Structures are given as structure tokens and as C-alpha cells.
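Below is one structure, written out as C-alpha cells; the observations come after it.
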Amino acid sequence: MELLLASAVGILTAGGIYLILRQRTFPVIIGLSLLSYAVNLFLFATGRLALNQPPILNKYAEVGYTDPLPQALVLTAIVISFGMTAVVLMMALSAYLASKDDRIDMTDSDAQGGEDA
Amino acid sequence: MSHLIILPIVLPALVGPFILMAIRFHSDLQRVFSIASVVLLNLIAVTLLTRTLDGSIEVYRLGDWPAPFGIVLVLDRLSAMMVLLTTVLALPVLLYAIGSGWDTRGRHFHALFQFQLMGILGAFLTGDAFNLFVFFEVLLIASYGLMIHGGGSVRLRAGVQYVVYNLIGSSLFLIALGTLYSVTGTLNMADLAVRVATLPAEDTSLIRVGAVLLLLVFAIKAAVLPLHFWLPASYANAPAPVAALFAIMTKVGAYAIIRMYTLVFGPDVPVAEGLAGDWLLPAALLTLAAGSIGILGTREIGRLVAFGAIASMGTLLIAIALFTPQATAAALYYTIHSTLTAALLFLVADLVMERRGGALSPRPVMPQNGLIAALFFAGAIAMAGMPPLSGFVGKLLVMDAARGDAWVWTIWAVILITSLITIMGLSRAGSLVFWKAHDRSVTPPETEEETDIGQPLTPELAPEPVPGLAFVAAFALLAGLVLLTVLAGPILKFTEATAAQLYAPADYIQSVLQRP
Amino acid sequence: MILTYAIFFATGCFAIALLLNLWKIATAEGVGDRVLALDTMVINAIALLILYGLANGTEIFFEAAMIVAMLGFVSTVAYARFMLRGNIIE
Amino acid sequence: MSLFLIAALPFIGAVFPALLIRAGRNAASLSTGAVTLLALVGLLVHAPAVLRGEVVTSRFDWLPDLGLNANFQLDGLGLLFATLILGIGLLIITYARFYLSREDPMGQFYSYLLMFQGAMVGIVLSDNILLLLIFWELTSLSSFLLIGYWKHLPEGRQGARMALTVTGAGGLSMIAGMLILGHIAGSYDLSVILQHKELIQASPLYAPALILILLGCFTKSAQFPFHFWLPHAMAAPTPVSAYLHSATMVKAGLFLMARMWPVLSGTDLWFYIVGSIGLITMVLGAVIALFKDDLKALLAFSTVSHLGLITMLLGFGTEAAAVAAVFHIINHATFKAALFMNAGIVDHETHTRDIKLLGGLRHLMPVTFTLAGIAALSMAGIPPFNGFLSKEMMLEAAAHTDWAGVAWLVPALAVFGALFSVAYSLRYIAHVFLGKKRHDYPSHPHDPGPGLWLPPAVLVTLVVLIGLFPNAIATPLVTAAATAVTGHEVHFHPALWHGLTPALYMSIVAVLGGLLLLALHRGALAVWNNLPRPEAKVIFDALVRGLTQASRGITDGLHNGSLTRYAVIFLIFTMGLGWYAFSTGAFGPETHETLPITAMPLLGWFCLVGSSLCVVAFHHNRLLSLVLIGVTGLMVSLSFSYLSAPDLALTQISVEVVTIILLLLALNFLPQETPRESSPARRIRDIAISVTAGLGMGGLIYAMMTRDFAMPSISEYHLANSYKGGGGTNVVNVILVDFRGFDTFGEITVLGIAAIIIFAITEATLGSRVRARLLNRKPWKPLAGDAHPLMMVVATRMMMPIAFMVAAYIFFRGHNLPGGGFIAGLIAAIAVIMQYMASGFGWAAERQKLPYHGIIGTGVLVAAVTGMGAWFNGLPFLTSAFGYVHLPFLEEFELATAALFDLGVFLAVWGAVLLALQSLSRYAWQPGIASEHPMDINPERDDAEIEQEGH
Amino acid sequence: MSQIFEYLIAAALVLGGIFGLVGSFGLVKLNDPMSRLHAPTKATTLGVGGVLIASMIHAIASEGHLSWHELLITLFLFLTAPITANFIAKAHIHRHETPQSLPPAGEDGLWATHDVPASPEAAPTAPLARD
Amino acid sequence: MRMFARIFPHPLLTGLLTLVWLLLVNRYSINSLLFGLLLGTVIPFITRPYWPDRPALRNPLKILAYLLIVIWDIVVANFTVARIVLFKSNASRHPAWITIPLELRKPEAITVLAGTITLTPGTVSADLSAEGHYLLVHCLDAPDPDAVRDEIKTRYERRLMEIFE
């Protein structure tokens, strides 16, 4: 099972990074989403894997619980990355509307003037 | 139980939403509340600093949970100093934003400004690694908003780059924290220190990966080459007061490096052997080089200052990378200096850009040329590390601290040669902007390219800019630099005491982990 | 005993169903079919969640199933609306 | 007067002229003069004591930990220089008042001048070499301002930058030198350093220290090969040239060599570097000076030459030479400053400095001529003027100097230099003042008012007086100074006649040769002009331009705006360092038992991996990639569910849907396809990087999952105390709202900020020209009819309330079972989204204007205030209280402050999502977009209307 | 647990599983887009329904209390499935059908999806008057 | 009465929501009922603007009968569809579009009809006509489309007419 999760994290990471390295804003944002899945799973897995042991305290029986802390951390991370994604999406959209260009690189915009004194 | 420690976080966290909710449509009231909040923060910061002077460390246990199980805030000399530096910077920057009218060129400047402060101050105060991540995110997202304040296509595109780069960085932060947690089972920084120190020697690879990834995350913030690429475009395209405030953001990275690599992965911790200094020092040297070369090579005054900020981070990181108490003391002094300097120059750059555009090409004389030139001259002196301002003192301190290091000659050579390049670049820029304007051959450019940025959205409602206030703000920063120079002795005493506290982390650890 | 086999059988059915959906998503012609496959996938996933809860004797997955059901609807409608009108909340 | 004050006075005084200039030029100059005079008087008060051999000191601890202290001392050398600086300064101030025209900003000028003056005084009074460095660099800075004073002249701007670059570079190398020196001596205090000659000269660091310090001196004092900046600094107003570039600043290097003479001189290294450079400079400067037609250039190169002369003397390392050097410093200052002022008068009156256009001025400007004549004769070394005295001493010293075993070399070159010196000095007289009166002067010259000629006259008087009565006037000062330089008592008895010494013969040869050379000037000039010689400025400019261009190339090349490249560098660097860190550590065997791979997770793995690979493979079709990422999100959520993380599953899926909705809203305005534009090579590179990153990340997490915690996790405490101390059985939720509630507080702040940023961007964009573009936007594809289908609207009337119900349920149970404020907030938001999708944003918003900002603000405030509530019990922020409350007829409630905090979370999340949606829908707004009715087709309504119309 | 309950549950599960599989199989097998739409909207619904019924019976049988909340999911699915199908069908009509390829819509002229207003200003807010 | 209408804009919805709450908490006590009723009152009150009109049901009791028929049909439909999917080749299947003229006028009624059609044998409600007087239905396999139309009209629409109009 650990192998499955680790390889899934790896593939999500690879896919995310490949898309992040694309040249248009939209695939980059998709790539960031994929990467954030990978990171969330990664962070979650640092508590080790457990089946059927949700950290909901059982008053009636002695049962095992999986590590709740990484779950709480991932929750925070999910929320934050949601906010970030929304912002970058809006920025990318507005940048596109303002410049009619959705390239992520700005290689064109830095070549101007400058002379000797 | 003193709640003063948490006020630097809670106060802006209250004022921000209040501005959003209650006085969203009252620019004047927003200004009043924003200034009041920052003034109050300054008072709090001064009080906090005085409480650390005797070397005591205060711990604030959130939710009344004992460390390491809950989150703690820790006030020691370093955090107190950084808090005060932030608030001291914030006031003139805010005044400038109001004075120049920048605050009304987009929505929610003041709320975002408060949130930005909340994030920065929280990052300085927290004693929990994951909470540090959260505050990093708070300060980052506020910075995204501030960076694109006012809109405009170039700024937005630069903003997208800034955000994307930082999102990758945030992912790395989580990976690093996860790695550290998966080995040590804790998130509290003091507890991490204890556990890392007692880690079994036969299994250190993972913790080393976590440690180095964490360092990289901070290195991004601190704009260490080759992780600095986000900075020039972001800072150059950000509104000036924002860029000036960002001067402290790179210091957050520097702070975190100092904190983590003295407390948890200190020079004596075998696990962290060779993780920081080995590559950080050369990287810092290259950062300094890249920054100064940028200063000479740039075509635009905003970028010039941005590269100056990179160069000053290079110098600062050289001192940090030495990881000795003396060098760290020098680094802390230099931190104050470079923050105020970069802020001053960003404001000056804005004064220039507002009047003649930022291009380093001849334009006719602008209004208040002399006054702005004087400010630029002072800022340039500070940035180049020329006397009499604190940059020179800082440079000497850093060079002096490098004396015992094997790299001393390289460090000295790089610092001095880059100083020369910086001087050349700044004098070239100054001469072009302020002097060449007087040349009779200079005529106004035929067409000013039209921009759709930086115009007040509702001119009839927006309060007038107060140009005098803008100058007051710039001069206040300059005065700060003068004070930093004149009071170099006592301030250095303080940073030395701070460094001493950092390199003897037992106190910190004990204060945090003891049961109340 | 028979229950175990039944659960196993049903799980297997829905698992294969899920794979078929995935196959459709990977190979379909247009977006429409894929949205349909996604919608089916969501429903199959609900079944799997319930089955998993059944096998483990826990109701902890009920909420997940319910919310998946609700959200699957919303996202399918959103995709379809996008194809129809571009603006999904005009 | 305290030395500290003497050094500070000019700086303090620098404020006055800038402020007083509104009161008039006289006020500005008077205040400047008064400050200078005050400092001079303060200085001279100490003169008797110093001349007696005492050393006046003044100490002030500034940065004791660095060894940088404001320590000042005044000895003979300092007195000599300080007197020169302040005395000549006074004259220059007077002169400048009349020299500058009305258009020149005189307040600025005097401010700069005073700053410079203070810096110079600081240099010569410093008893701390770090302090000295500060003043040293300050002279560079203030001279930069002074040279560039006439901003409109390109020569001024370029000359200023050149001077700053050269002297700045020297200053920087001197910093290193001084730091080394201080390191060797163990102190940065001069008085200490000067006592450690043996220690210093024996140190292996002596050579680098010496060379670095000398670099500073040579650049400042325009020694070969750094001499070229000085002539270009002549673009400055003449008072500046007279002050900085003859009398004072250029002597700073000499001063420092003299200052350090006791500890640095006397070695071979010193002799060969300093002596040789001085010699070369002296000769070279003299030769070039002769062929300059610009008055100031002539004087500039003559200055170079004389500075070389003094350097050479200091380099000889003998006491006699040192004394001669000190004496010549005084003499040169007097006659050269006078000559510069004189040249300024000529320029001022004739409007030219070109010697070829001049001649015969003695008829029109007798006073000027007289002053020029005496000063130039002194410069030429003609008795009975002071220049003669020191030149004799120089020749005497040269005559006894043996260079690497060659006895004749130094004397011969010294005579050669002196010969040229005579020639250019006399040329200054002959070609400017003598000869026939011309009729083609650019202006009508006549003697200026006394304001301009009195200052040089004072200096010329000194030239004469020192020449005639050296012992009465110069000896005490020179003795004191030379004693300070050499470190022991010096006896100095200058006289016009020493008998038939070698120096006298050499002098005679020089004078006669000089006269001859002048006579042959035209021919010599022709030869000179045909000589190939490097033009320093061209080389320097090329260097600077090259450096600038290289910098630009590097900078633009590095920071080319390509985020993808930045990211690639970032990733490679990170992976490299990560691998380094991993491979240099120890890696033990697996300790944690793994779970078996069963069918269910394998299936999930297939779906997850398959869908994410599809996302990548089909990413060019943007809508499709959104559908596919929906699958991925669903699978991630199921994975969480399967792996005992129900809260995560709920959160993941809800966030997923809202994200997709936002992405769809945005995609409406974006291109529908991503073009294929990456080259195959680039794709391969990207694949390599991403696969490596994936392997790294997967490997890392696998390594972690297969190992136990090295120490017990703190979460054991959370499990143990969740119910007891936090009042909830859902440990994750208790961690979120209690143990780590502060994280959550930060997190909702992030979300709130995100929403207001989105709002702010919308405002900014709609406030710009983009608005018109949006209003005239055409859909990217033909639209379907029936925007608000009847079935959807009707279903929503049920679904939305049910969704709210579910949200309430999720909210209330969160503390004990999976759920909580965050998920509830998202579900509530989705409920509203359903309504928006059914009848349109406009229709819905018209019916219920939700104050989005207020909701977010309330949320954050509720959370904060809840946290602060604990303060009233004297407990820290976010300390929770809880208890179970039975309200009659209602469910048993756990009333926890944490629930209130969670309410804040709920509101912030809900508001944030809605504000984001609102912002996006504002982009889509076009006239008439908001429908009047909830659904487009409604037969009931239509029929009713038709019926009404029928009536 | 009594045998009868067990058989009931097993039957519901097997039935549900088969229907679920058939639905997804239909999605792959059927060759025209509109036909594919049938499979999931019905078969899958009942598939899940079967599982839910099984779960409900199981709760009654094992814990002895009435657990009806699976009904809620059924309710959701029954409420939403027609809407989903309607939207997907509309999307298909919009993209792949023309007014000519569909049966006539009687006196209404066009099917709603094809009834595109000329411009946003002329959005279908006011009905056309008819005799 | 008006007061009642303001507080309970849709009493049936209130009932439904209360039921939903009971199902959610999965606990059938008076406390839960009361709390569900509370939420079931508050939520429709808040969402009232989105459902402005109050459709009156003429014959609510017939709903139950209708429901039973539909559920039965759904079960049957599933077997039918399963047979078609599994055993009928694509070539021998006769998919068809059919137009169903509507007598129903109320949106709620039309929705229920369309929903029923979708959930029952081999038919999917695809679209409504421009004025809402016809329903476009797709049949998975309809050798005789007219029969399908007639059955829908008689089996479902007639009953709905009784309930709604």
C-alpha cells in the first residue's frame, strides 16, 4: 500500500511539475493543483498509513487511531492552497484580459531604453 | 499572563477586518485607523523589545496548551528586534502610501497592509514550525494583493510569476515540514531542537533532507541565488510603498534561516553537518555579485533598486552563512540597515517614476529634482556601503566578522569589488536621472507610453495625495539610517547580545518546553 | 459468510465499473462523454464508499458519500453549463 | 575647541548655505566663510601646543566592538594639513562668491564645499584608520558632487563619475588594506598602529596591506596609472579645481602615505613601489602638461606631476626626502591654488581657457598677470620663490638616490621632469600674458574686482614670503609636520643658497633646458602630436562601457523574465541539494510494517494515476483537463476516505468542486486551447525534470512511511486530551479549532485575504480599459439557448435548502464527527452556487444582496474575538471553554467556544467563496445579462400573460 | 444476524453491483452519445440504490435501530440524476444536433437549446405575442 | 394566515427539510424533530426570495400513489435497460427522439414529469420546447415511438395533472 501511495505521489508530482513548466498560465495553474494534491498526500502520509482507524474517539471500544496531526495540517494546507489558487487564477485571468497574452514568461517586456549619462 | 506578545498579530488581525467591514467606503477613516494601528504596533514593539533587554525569553502558550502540543509564541531578542524593525518600517511606508496617494489607486490597500503586517509579525513571533508556514502564507497572500495593487497588465503578469514561484516554494515548505515531522514527530521548534539533537546517528538522511529543503524555502524568501529570480520583476513592478514594505519580507527569510539554523540545526548539531554554510556562503557571494551587476546593468530605476535589494541580501547572507556569533551580530545590524535602505530607495524610485518615468534615459528636469536627488544620493550611499551612513558600518562589520573564515579573501574581494560596481551603477543612474536632465540637449520623449495602471479608481472620492507627507516618509527613513549609524555602538551591543542568545539555545528551549 | 461474498462481488462490480469509466474518460471523443463518465464515476464512487463502510461496519463514510453525491451533481452541471453557455453563473 | 567639533563644524555648517540661499548669495557665502573661519580659529588655538611637539587628542567611543571610534588627534602633520584645508578653504569661499554666476545654485555649492572640507579635516585629524576611511570616502562623494556641479555639462557628469569610480575603487581597496593593517597591529587606532613598525613589516600580510593601502593613495593622488581622472575633474568650477584638485583632496593620498610613513616605509617594497610610481608620475605629468592648450588641463597635469614629485620623495624613505615632501606640500598648495584661481580669472574674463586663443593679457590684466607670474615662477622652481626651495630639496634627495643599483637614473629623470616643469610654467606666463595684445579674445578682458584677485593674492604673498623667509614662516610648521611624519625630531633649515650643490647644477640644467624647450614648443608639439599614445579617457570609457554592457548582458540573460526557466533552475537546484543532503546522511533499514496491496487501493491507484496522466496528456484541451482533474480530485478524496481521514475527504472534495467552478468561470474568458509550442527538446527536458522530481518525492515519502517515528509523535497527546481538554471526539477538528486553532486563525485570514484580493483585482481591471473590451466581448462559441432551464430551477428550489441543511448538519457535528466550519462553509457556498447556476448570478444577487466583505470580516472578527474571550479569564488567546447544554426540546448541544471559533471559520469561508464568485461574474456582466425571471421558459407564466393581454 | 436478513442484503448487493456494472458497461458499449446517457442515469442509480438498501437492512439487522439516512443519498440521486441527464443532453443537442435532426417542436418552433436569442439585449425576457 | 405564509413560505419544503434533518442525524427523537423543524423553518425563510410563488397541490394524497408507480417503474426500467445494454447489439437497437406535447403548465409539474421520464424505462428528457409546451425525449430503444409517448401521457402526465393542476 505504501508503495502505491508513494508512486501516486510521485506521479502526481511529476505531472504537476510538467504542467507548471508549460508556457501558458492555465496549464500552470492546473499543474499547481496537481502538485498540491501530491503535497497533500505527502503531508498526510507522514502520519503513516492506517486503514479504518479514523481519529474519531470511540467511547465504547478500545480501538486504534491513525495519527490525527498530519490530517489537521493537510486541512490547513488544502484551505490555504485553495485561496492561493483562486488568487493566482484571478490574476492570470485579469492579466490575460489586460494584455491579451496568457504566456507565463515575460521575456518581451524588459527590453527598453537606457543610455549613458 | 501578559498578552502583549500576541498583540502584534491580533491588532492588525482586528483592524484589517474592521476596515473591510465598517469603513470600506471611507478612505480617510481607513487612513486614520491604519496609521493608528501602526503607531500602536510601534509602541507595543518598543515595549516588547525593552522586555527582552535583560535576556529573558517570554513564551505565550496559545489555547493554554503546553508546548510542544499547542502553538507557542516566543519573544526573545531576535524576534523582538525583527518585530520592531517591521513596525518601524511600516510607519513611514504607510505615510508614503498615503502621501503619494498610492493607497487609493486600488481597493483594500489598508486592509491588506494590516494583514501583511500580521503575517510578518506572526512569522517573527511564532515558535512553531507549521505555524511559521501559516504566517508565511498570510504574509505571502497579503503581498500578492499588495503587489498587484492598482492593477495593470505588466504588474498583473509579474504578479502571476511571483505567485506561481512562491506557490512552488510553499509546496516545498510543506514537504520539508512533513519530512521533519515524519522523523521527529513534532512541530514545535524548541522541541525539534531537542529531538534533532538526540536523533540516532544511524538514520539521519531524512532529517537532513527536511533540513535542507527548509533552508531552501527560506532561501527563496531571502532571494539567495539561484532562487532569487522571483524578486526583480516582482519588486520593480510592485507599487513603491509595497516594494518598500517588501524590504522586510526578504528579511523574513533571513530571520528564519538564522532561527532554524541556530536553534534546531545549529553549527554544533552533527545531523546538520554541512547543510547550510557549505553552499550558502558561495551562493550568498554569487547573490551579491548578481545584485550589483544588476544595478549596473539595469535600464529602469525600479529594477535598479530591486537588484540593490538582492545585493544587500547577498551581503547579509554572507554574514549569516558564517554562522558565528560575531558574524550573526553583524548580520543583524546589516538587516536593519538594508531594510531601511531598500525601503528608502524604493520610495525615491517612486518619486522619480511618478515625475519622469522610471526609464534610465534622459528626460527633462522634473519637479523637486534637487530634493529627490538628495534623497537618492543618500540612499545610494547607504546601499553602496559608502560612509557616512550605516551601510559602511555594516560592511565593515561583515568583513571584520569574516576574518576568521577560510573564505575571508574571497569574501572581502567580492564585497569590495561589488561595492565598486554598485557605486558605478548608482552614480550612472543618478547622473542620468538627476543631472542629465539639466542638459539642454534633452527634450521630452515624443510619446509617453500610455499606461492603465495606478490611477485612482474613483477620483472624485479618493482623498488627495499629500506630497509633503511622501517626502516626510522618505526623510524619516533616512533619519532612521542616520540614527542607525550614530547609535551603531549600542545597537551592535544589542545584536551581539542577540547573537549570543541565539548561539546558546538552551535558554530558549528550556523556556518553551518547561511546563507553566 | 454469504454477506462477505456479496460485498466482495458488489465491490468488484463497482470497481470494474470505475475502471470502465476511467477507460471512457481516457478514450472518449468529446468533453460531453467524459463529463458523463465522470458523473457515472461519482455515482460508482458513492457505491464503493457505502460498500466500504458496510464491510467495515462503520458509518463514517456516509457523509462522504452524501457530499460526493451533492457535489458530483454540481460539478456535472457546471461542466455542462460551460459547454452550453460558457458562463456558468450568468 | 575640541577636535571632534573642528571636524564636525563644516558638516554642521553645510546646512546653512542650503537654507540661507534664499536670503541671498552673500548670506550663503558669509555663513560658509564664518563656519570655516571658526573651525580655523579653533584649530589655530591648538597650534602653539602642537608646534611645541604636543599631540592634542579627542576621543569618543562610537563602535568599540568593531574598533571604529571617533578618535581624533592633532599633531604637526595634521596641523599642517588642517591649516591648509581651512585656510585655503577660506580663500576659495571668498573667490567662489565672485566666480559663480547668478544661474549657479550657490547654496548647493557651498554645502558641498563644506562637506568636502569637513571630510578633509576629518581625514587629517583621524586617529582611527576606520574613521579615516569614512572621511576618505566622504571626500570622494563630496568631490563627486562638486565635479558634477555643472550638471548640464556632459564633461562634468562624466568627470564626476570617473573620479568617483577611480577614487572609489582605491578607497575600497584601502578598506581591505586598513582592515589587514588593523588586524596585524591589533587595533585600528593610528597612535597604536604607528608604534608597531616591526610587527607590521614582519607580517606576511604586510605586502598585501601595503599594496591595498597604496592603491587608495595612488588613486586619490592621481598617481600613474590612475592619473587620468584628474584632468577630467577639471570640468568642475575653477574654485573646486583650485581647492580639491590642487591644494587638498589630491593631497589626501600624500597625507596618508606621510601618515603611515613611520610604519610602512623603509622597505624595498615601499621604495620601489612608491618611489618609482612617484617618479614616473612626476615625469609623465610634466611632459603632458607642456602640451596641453587648456589652461586648466595644463595646471591639472602639472598637479599630477607635482603630486608624483611628493610621492617620490615619500617613497625614498629617507628623512630628508620626507622633510622635502612635507615642505613641497605647502609650497605646491600655495602656488598651485593661486594659479588655478588665476586661470579661473582668465577664463572668467576672456571666456576661454584655450591658450592658443590667448596671449598679451598682461596689457589688459596687469594684476592678474603679476599674480600669475609669481606663482608660475615658483612652480618652475625659480628663486626666490618657495617652489625653488622645495624643488632644490627634491633634486638634492634625488641626487642621492640609487635605483636598483643605477645611480644616475633617478637624478636624471628628476632633472628631466623639472625641465618640463620649467617649460610649462613659463609657457603659462609666456603664451597667456606675454606677447602682443590680441584683438580676437572671445570677450573683452580686464582685471576683475578684488573679490576674485585677492584670494590668489594672499597665496602669492605666501609664495613670496616663504621663499624669502622660509625659516620664519615655514620652519615651525614643517618641522612639526616632518617630525610627525618621520616619528623623530627633525631639523629643517631651508635656505635659498646652499652653496654649489649637485641640486643647484641640476636646477640650472632644468631651467635652461626648460627655456630651450619652450622656445622649441611648436616643434615639440608637432612631435608630441605624432607620438602614438593611449588616451586614458577612451580606455576608461571603453572599460566602463564594456563593464556596463557585460552587466546588462548578464542581468538580462539571467533575469530574462522566463518563469519557466526560473522554475527549472529552482527545481534542479532543490533536487540536487536534496540528494546531497540525503546521500551524506545515514539511512537505516525499514522499521515500519507496510500494509498489503489489495484490490481496492490498487483500483484507486489506477484511477488516480490514470486520471492525472490524462490531465497531462490532454492538457491542451483546457475544458477537458478540468474534467480530468475533477476525477483526480475525486480519487484523492476517496484515498483520504479509505485511509482513515474522513475530514480530509470531505474537505478535499468540497474544495475540489469550488476550485473547478472558479476555473470554469475563468476559462470562459481564456483561450479554450493551449497551443503546442514547446520544442521536443524542451519537452524532453521538462519530462526529465518532472520525472526526477516525482521519483524524489515518491522515494522520500516511501522512505518515511516505511520507518517509524524516531520519537513518539506529539499527536499522542492530542488523542489523549482531545476529549478531556478540548471537549470533542473528532481529534482532527479539536486540533484545528483548539490545539492548533492559531493555525486555523491564520488560515481563514488567508482565505479572507484571497477573496478581497480577487475583489480588488476585479475593481482595478474593471476600472481600466479592459472594461470596454469585456463589454464588447463575443462568446468564443455560439451559445445555446435557454440559459436558465426550467428543470434546474425547480430542482434547485429543493436542493439549495437541503444543501443548507447539510451544511448546518456538518457544522454542528464537526467537533465530534467529521465535519466542521470549513466544510460547512464550502457546502453552504455550493448551495448558493447552485442557485447562481440555476437562475443566474444577477437574478439571485438582486434578491439577496449578501454583504460578502462583511461576511468575511465578521468571520475573522468572530474568530479573533472568540480567541480574545479567554483573556477575560486570564488565559491565553484561543483558550477554549466548553460544556454540554441541554436546551429543552432540542438536541443536546456541546456549547464550546471552539464552536464559536468554528462559526468564524464558517463565515470566512462562505464569504470568501461568494466574493470570489461575485468578482468573476462581474467580468461577465453585459447589459441585459441578468434575467428578469428565475427561468427562461415557464409556460404557466407565459399563458398567464397572454391571458392578461387578451383582456 | 438472522439468515433472512443476510440473504436480503446479499441479494440487494448483488443486484446493485450488477446494475452498477451494467450502467458503466453501457457507457462503453453503446455507440451513440444520447444512448450512452441512458445507462448511468438509470442503471447506476439503481446500482447505488441496491447498495444503499443493503446498507439500511444491515443497520437494522446488526444494530437493531432504524438507519434511514441512506435514503438521503437516494433522494439526492433521484433529485439530481434527471437534471444531470437533462444538462448533458442539452450539451449534446447544442453541440451535435441541429433543429433539422430533431423532431419538430410543434408550434413552439424550436427546442429551447436551439432557441438562441439574437443578442444579449434581446434576452428571452418578454414572450412574443401570439394570436 | 398571511403570517403563517410568511413564516412557512413552503410548508411542504419545511416538512421535507425536517425529514432530511432526521435522516441526517439518523436519530428519531422528539428533540431532533424539533430542531429539524426549527432549521426547516429558518432555511426556507431565508431562501424564500428564490422561490417566490407558492405552487398549490390540488391533490397531495395522490403523490404517494404516483411515487409507488414510479419506483416500480424504475426497477422495471433498470431491468429493461440492462437487457438492452447487455444483450442487444447496437445495430438492432432503435434509438429515437420523440416529442411529447405537454398539458402540464406548472414548472414543478413539468419537472416532475421530466424527472420521471428520465428515471424510467429507456427514456431521457432531453429538452423543452422554446415555449415550454413540448418535451423532447430520447428513447434508448423504441421500435414504436408513439406507444412510448402515449404511455408517458397516460401513465404519468395524467396523474400529475391530477396532483398539480
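To keep things simple, chains are lettered A, B, C, D, E and F as they appear, and every chain counts its residues starting from 1.
In this section, a residue touches a chain if its C-beta (ideal position, glycine included) is under 8 Å from a C-beta of that chain, and two chains touch if they have at least 3 such contacts.
Note that this is a predicted model, so its numbers are computed, not measured.
> Among the remaining chains, which ones contact both chain B and chain E?
For chain B paired with chain E, the chains in contact with each are D, in label order.
> Computing the C-alpha centre of each chain, which chain sits at the greatest distance from chain F?
Relative to chain F, the chain whose C-alpha centre sits farthest away is D.
> For the interfaces D-F and B-D, which has the higher count of C-beta pairs in contact?
Between B-D and D-F, contacts are more numerous in B-D.
> Just give me the whole-number Å value for how far the CA centre of chain A lies from that of chain B.
Computed value for the inter-centroid distance: 26 Å.
> I'd like the Å distance between the centres of chain A and chain D, where a centre is the mean of that chain's Cα atoms.
37
> Could you please state the distance in Å, as a whole number, between where the Cα atoms of chain B are centred and where those of chain F are centred?
For chain B versus chain F, the centre distance works out to 62 Å.
> Could you grab the centroid distance between chain A and chain E? Build each centroid from C-alpha atoms only and quote it in angstrom.
Each chain's C-alpha centroid was found; their separation is 33 Å.
> For chain F, write out the residues touching at least two other chains, lowest number first.
Residues 20, 24, 26, 111, 114-115, 125, 127-128, 130-133 of chain F touch two or more partner chains.
> Note the residues in chain D that touch 2 or more other chains, in rising order.
154, 157, 161, 548, 552, 556, 559, 561, 563, 567, 571, 626, 642, 646, 667, 697, 700-701, 704-705, 713-715, 718, 739-740, 743, 747, 750, 753-754, 757, 761, 764-765, 768, 770, 783-787, 789, 791-792, 795, 798-799, 802, 806, 817-818, 920, 929, 937, 942 - these are the residues of chain D that touch more than one other chain.
> Where does chain C touch two or more other chains at once, residue-wise?
Those would be 11-12, 18, 35, 59-60, 66, 70, 72-73, 77, 81, 83-84.
> Enumerate the contact residues on chain F facing chain E in the complex.
Residue positions touching the partner: 20, 22-24, 26, 28, 74-75, 77-78, 81-82, 85-86, 90, 93, 95, 97-99, 101, 111, 114-115, 117-120, 122-134, 136, 138, 140.
> Write out the stretch or stretches of chain E touching chain F in their complex.
18-19, 22-23, 25-26, 29-32, 34-35, 37-39, 41-43, 45-46, 66-69, 71-72, 75, 78-79, 81-83, 85-86, 89-90, 92-93, 102-113, 115, 127
> Mind listing the chain A positions that touch chain C in their complex?
52, 54, 56
> What residues of chain F sit close enough to touch chain D in their complex?
Counting only chain F, the residues touching chain D are 13, 16-17, 20-21, 24-25, 30-32, 34-35, 38-40, 43-44, 46-47, 49-52, 102, 105-108, 110-111, 114-115, 125, 127-128, 130-133.
> Under the definition above, what is the set of chain C residues touching chain E in their complex?
Spelled out, the residues of chain C in touch with chain E are 2-3, 5-7, 9-14, 16-18, 20-21, 23-24, 30, 32-33, 35-37, 39-40, 43-44, 46-47, 50-51, 53-54, 57, 59, 62, 65-66, 69-70, 72-73, 76-77, 80-81, 83-84.
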